[in-house]
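Got a structure for you, questions after.
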Amino acid sequence: MPPKTATTTEPRPGAGGQSSSTREMFYNEALNEALRLEMERDERVIVIGEDIAEHGGAFQVTAGLLDRFGPTRIRQTPISEIGIVGAAVGAALTGLRPIVELMYVDFSGLAMDQIVNQAAQNRFMFGGQARVPMVLRTQGGSGRGNAAQHSKSLEAWFAHVAGLKLVMPATPADAKGLLTAAIRDDNPVIFLEHKLLYRTKGAVPEGEHVVPLGQADIKREGTDLTIVTWSREVLFALEAAATLADQGIAAEVVDVRTLVPLDKARILASVRKTHRVLVVHEAIKRGGYGAEIAAMIAEEAFDELDAPPKRLAGLDTPIPYAQHLEKSVVPQAGDIVAAAKELVG
Amino acid sequence: MTIDRATALELYRVMRTIRSFEERSTQLFGENKIWGTIHSYAGEEAIAAGVCAHLRDDDWITSTHRGHGHCIAKGADLGKMFAELLGRETGYCRGRGGSMHIADTSKGNLGANGIVGGGIPIATGAALTAQQLGTDQLAVSFFGDGAANQGTFHESLNLAAIWKLPVIYVCENNQYAESLPVKRAFAVEDIAVRASGYGMPGLRVDGRDVRKVHEAAGEAVGRARSGKGPTLLVADSYRHEGHYYGDPRKYQSKDEIEGWRKRFDPIADARAWIVADRLAGEADLEAIDRGVAQEIDRAVAWAEQGPPASPIKLPEDVYAT
Amino acid sequence: MPPKTATTTEPRPGAGGQSSSTREMFYNEALNEALRLEMERDERVIVIGEDIAEHGGAFQVTAGLLDRFGPTRIRQTPISEIGIVGAAVGAALTGLRPIVELMYVDFSGLAMDQIVNQAAQNRFMFGGQARVPMVLRTQGGSGRGNAAQHSKSLEAWFAHVAGLKLVMPATPADAKGLLTAAIRDDNPVIFLEHKLLYRTKGAVPEGEHVVPLGQADIKREGTDLTIVTWSREVLFALEAAATLADQGIAAEVVDVRTLVPLDKARILASVRKTHRVLVVHEAIKRGGYGAEIAAMIAEEAFDELDAPPKRLAGLDTPIPYAQHLEKSVVPQAGDIVAAAKELVG
Amino acid sequence: MTIDRATALELYRVMRTIRSFEERSTQLFGENKIWGTIHSYAGEEAIAAGVCAHLRDDDWITSTHRGHGHCIAKGADLGKMFAELLGRETGYCRGRGGSMHIADTSKGNLGANGIVGGGIPIATGAALTAQQLGTDQLAVSFFGDGAANQGTFHESLNLAAIWKLPVIYVCENNQYAESLPVKRAFAVEDIAVRASGYGMPGLRVDGRDVRKVHEAAGEAVGRARSGKGPTLLVADSYRHEGHYYGDPRKYQSKDEIEGWRKRFDPIADARAWIVADRLAGEADLEAIDRGVAQEIDRAVAWAEQGPPASPIKLPEDVYAT
């Protein structure tokens, strides 16, 4: 329903095709660039959230955007999570393309009703009358001593909601490309960053860069086992794969990237090649999204498996504060090495 | 304030349509033709009618579980509404929504809502769109007294106030939230006093007098359209029926129900003042009643002819492509 | 921390042992009886919720309790989900044993922060200083035309939270016994009823009846395949098992009853007997708790399986309104029969 | 109101202890001995001190991410607090909680909270316990100006008002919620006006004057203990440091910070009026300062001796048995 007297112009088409030159940048800079480019391209894109203006966001993802786009498009809000997310739903329904920054995924428990009952279900409930083109950007994970209310990994909640898409980039390039795709998607997309990835660096394509939702990425090829993972555990898996290679084990690392829709084909193809699979994630094991992937593989590639599909995940505890405790409840590279060897050996 | 004949008759027609719609859907429910739950708006018609009279098709509303009245007042097609209740492919939501989830985005109705207080932030966001895009559209959120104790009410009113959004919060105080009387849900007598905590005007109005609702809403609409920000409008009312079809109403006495129903009948009242003020005669009103009755009959007949909602492609209906 | 000037007495011990005589009653009556008996036994037990007083609760579970225990122990509240759940957390921390009735599990998105960040994590975060003896009773599931915001099955969300227990009874006897155990538990217990079970009848032990948390129940024995399920799907599974028996297939029906803690031993024992498993639930398949159980079986009993572990679950859609649509998205008895035959055949 | 020597010195001692605790923990953080995040309460000491002076060990409080001050004012052991920050097994939460999650249930502190507004319903529930069991205990919830825009604030204040619960809501208005100034978060100047929307008294007090806080809190405590119900108490204040250790404070000017720090220093103020009113001399105050410094040193030394928190049994720590 385009507003009658709206003065918006349709977004101008992208520069055309993907750029081939790249630039080294941090993950949070890559996100920032995606936001900036999309806000330049389409004036209906706005950002709503706490602390995103002068401060530039808790993890500096919106740094500089206030100066560039002003306080109406960088809408800094009071602390009112359900109010903000709900306002984004209403704005998305009526012609804007809002991006909400929720400071920590742990706060989603305050806004879950608007995320699920309103944003995700709107289109279906109302028989397809509307679209809800919004992105909920937030970040999760442990590793900064923020303890149990600021360190969870809650992707499994969102994955279990019909109507949401769910993205968890592991590298700066994917962060930029997937955020761009998420902003252009006409559905509510949950975009989960990781607090320990923000200051990781990588080569990022310049200019317009879109990574379509729904495509897993083989971050390392291998033949002996498949490690399926996402977000920060991709880095641990790559570290583990390097160690394993030294020990003569060739691990393939599949970065899921988009949990919903899930690229089953690429995951299953890898399993058909290696015949062994280890699913790794930081979230607690019980009811984690690793269960979905392991169950899917067991169901659809049973005869291809030479060993039980194995999961390595967070312990079933809240995240403790002290640094050594924190590490002890979440899979580290060494844990992946050990699990992989057990699976292969 | 005086009201002219055309406006008076149009308000009457809308109220009469809502009442007749509720009577007919109640009947269809009793005949087991409607599934699920329905919540009758009978007795509260003056609120939807009085407010929506000021709205354009491109203004937005959010509605509630008790949403038929808002939907009708915002100009919905009765046939498509009945078809939805009957689970037909021709219904507003192709049988996916039912009574608690009717939307009509072509008329700016962003939808009924099964979550008490769920529509309040959504209307706030619609008002944000208007402000952001520099249009003169506005948004109205209808909700009950019960919803005024939800966190969404608080957070949304504050956001709207600090941003001066063009939104009107219409609290329909029908004296109950399910079985809980307002007296036990609030330690204040007047819900409108809450507006002062957000720095916005709060108006309380007799929700059974469509003239008063119309006047107060006009004020709020003027404020919103001219960039002066939000208003909280609390309309005192009474729901004639139980909370839902079949409610045993153990929490109310027969005397209360009968007494209040008579005291709070915006339609009977309107007939009285329309005639007394010589805006129209009984015959004119009866003509309207007959017209409405015919329209309802036609709408039901049309709805009943529609094919059942198709289950074939449900999974494809989840995401926009 | 018992209040200094408290006048409570410790609960009197139960009548001693389980009663052997039974009485036919509805599921909601069985719940009502558990509430009544526990409230009589321990004056610290109170019920908080919407519509629970004169009206007796949306599904009549608290019917009559107002007259028996008065308005302070049957605390009817305004519509304020997070306020209510949070008040229960505070009450539980300070000496009461509150039971919250949340009218529909779909509303938990409004209260999730208090459920997860406060109730579930309190004990761990604070190093074991406190206990949170509360029960959150609510109901879910489809089948009454209540559509997408009143019909979900959200057990997977709660299962993925460290610190919660999770119970989903399928029969009146289990409803009474498990609710009694939940009330006596010193942890936050999520107790999920099903709207279509309330008016199902069964024999219920008289007097004190406790079903310990963490024990699955073999609702029907069989040798050809194991059907693992819970809540209303148990009834469908039993119906399907009867049909399958006519066709010469002996299905064993394992009613999980308590999703957390999960009775892995009993589930695995059944799989070791039948070598085939079908996990059935009403919630949408993607990220459902069936994935956890299927993945667990694949991991721990891989060599016992003669066929892939299979899941039959709700379609990945919100629940539609119209009756025939509603049925089409959730496994019915016939669907279980078909899936079981495919698995065995 | 006049205040006696003993009370004045005790309030001073508590404030001084809080300030010194914050100074030392900031130092330890700078030395990388403390992990995670800390939020300094420096500048706001008068609020915790003035309120908690009225509380018994069996009264309850809920606290915030900025919780050290409340914890100390409620009588916590400084050694166990430091041990927690240092991740030791001897800490209040055995290294599981850290700064944002210190509780001391032995003194009725139900815990700091990393969720803004998360403690408000919990305190409400504690007050429910007192009412239900017929004790004369009460509960206090401390929270910030930012938290007053959360839904939990709204729902909890309403519940407490309709049930007349013995609870005091203490809103610490330190002018900012992270980088957002109160002026941009509220369209009202006085947060205390919100109380009238719930039908409870709202008091606004100068939060840098511990005498005024003490007096207002005394009133509220008297009301709660005598069954007269809840109070909203808003204390104007200023946080001397950034939102968290390391905050670049881009949203504040140097002038503002320096000016306000001087204008809002409850400890310097207290020294001045204690001496001026001849309740004690400079020497007495310096003796208190020295005592506090020694206590802090001892506490840190004790904490540093504690063994690191043990990871062995974490999974067993999740459920009570």
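Order of writing sets the chain letters: A, B, C and D. Residues in each chain are counted from 1.
As a convention for this text, contacts are C-beta pairs under 8 Å (C-beta built on N, C-alpha and C of every residue); 3 or more make two chains touch, one makes a residue touch a chain.
Source: prediction; values computed, not measured.
**Student:** If we look at subunit C and subunit D, which chains touch each of them?
**Tutor:** A, B
**Student:** Among the chains here, which has the CA centroid at the largest distance from subunit C's centroid?
**Tutor:** Chain centre farthest from subunit C's centre: D.
**Student:** Quick one: subunit A and subunit D, Cα centre-to-centre, how many Å?
**Tutor:** 36
**Student:** Measuring from the mean C-alpha position of subunit A to the mean C-alpha position of subunit C, what distance in angstrom results?
**Tutor:** Averaging C-alpha atoms per chain gives centres 31 Å apart.
**Student:** What's the distance between the Cα centroids of subunit B and subunit D, rounded to whole Å?
**Tutor:** Whole-Å distance between the two chain centres: 45.
**Student:** Quick one: which residues in subunit B touch 2 or more of the other chains?
**Tutor:** 93, 95-97, 101, 113-115, 118, 149-152, 154-155, 158, 162, 184-186, 317-318
**Student:** Taking each residue of subunit A in turn, which ones touch at least two of the other chains?
**Tutor:** Residues 77-78, 80-83, 106-107, 110, 113-114, 117, 124-125, 147-149, 162-163, 316-318, 320.
**Student:** Is the way these chains touch best called a line, a ring, a star, complete, or other?
**Tutor:** Shape of the chain contacts: complete, all pairs touching.
**Student:** Mind listing the subunit D positions that touch subunit C in their complex?
**Tutor:** Counting only subunit D, the residues touching subunit C are 56, 58, 60, 62, 91-97, 101-106, 108, 110-111, 113-115, 118, 120-137, 139, 151-152, 154-156, 158-159, 162-163, 317-321.
**Student:** Of all residues in subunit A, which touch subunit C in the complex?
**Tutor:** 82, 106-110, 112-117, 120-121, 124-125, 147-149, 154, 156-157, 159-160, 162-163, 260, 283-284, 286-292, 294-296, 298-300, 302, 305, 307-311, 316-318, 320
**Student:** Within the complex, which stretch of subunit B touches subunit D?
**Tutor:** 149-155, 158, 161-162, 184-188, 193-194, 196-200
**Student:** Touching residues of subunit A toward subunit D in the complex: what are they?
**Tutor:** Per the touch definition, subunit A meets subunit D at residues 50-51, 53-56, 76-83, 106-107, 110, 144-150, 315-318, 320-325, 328-329.
**Student:** What does subunit D use to touch subunit A in their complex?
**Tutor:** Spelled out, the residues of subunit D in touch with subunit A are 35-37, 87, 93, 95-98, 100-101, 113-118, 146-147, 149-151, 177-180, 184-186, 248, 250-251, 308-309, 311, 314-315, 317-318.
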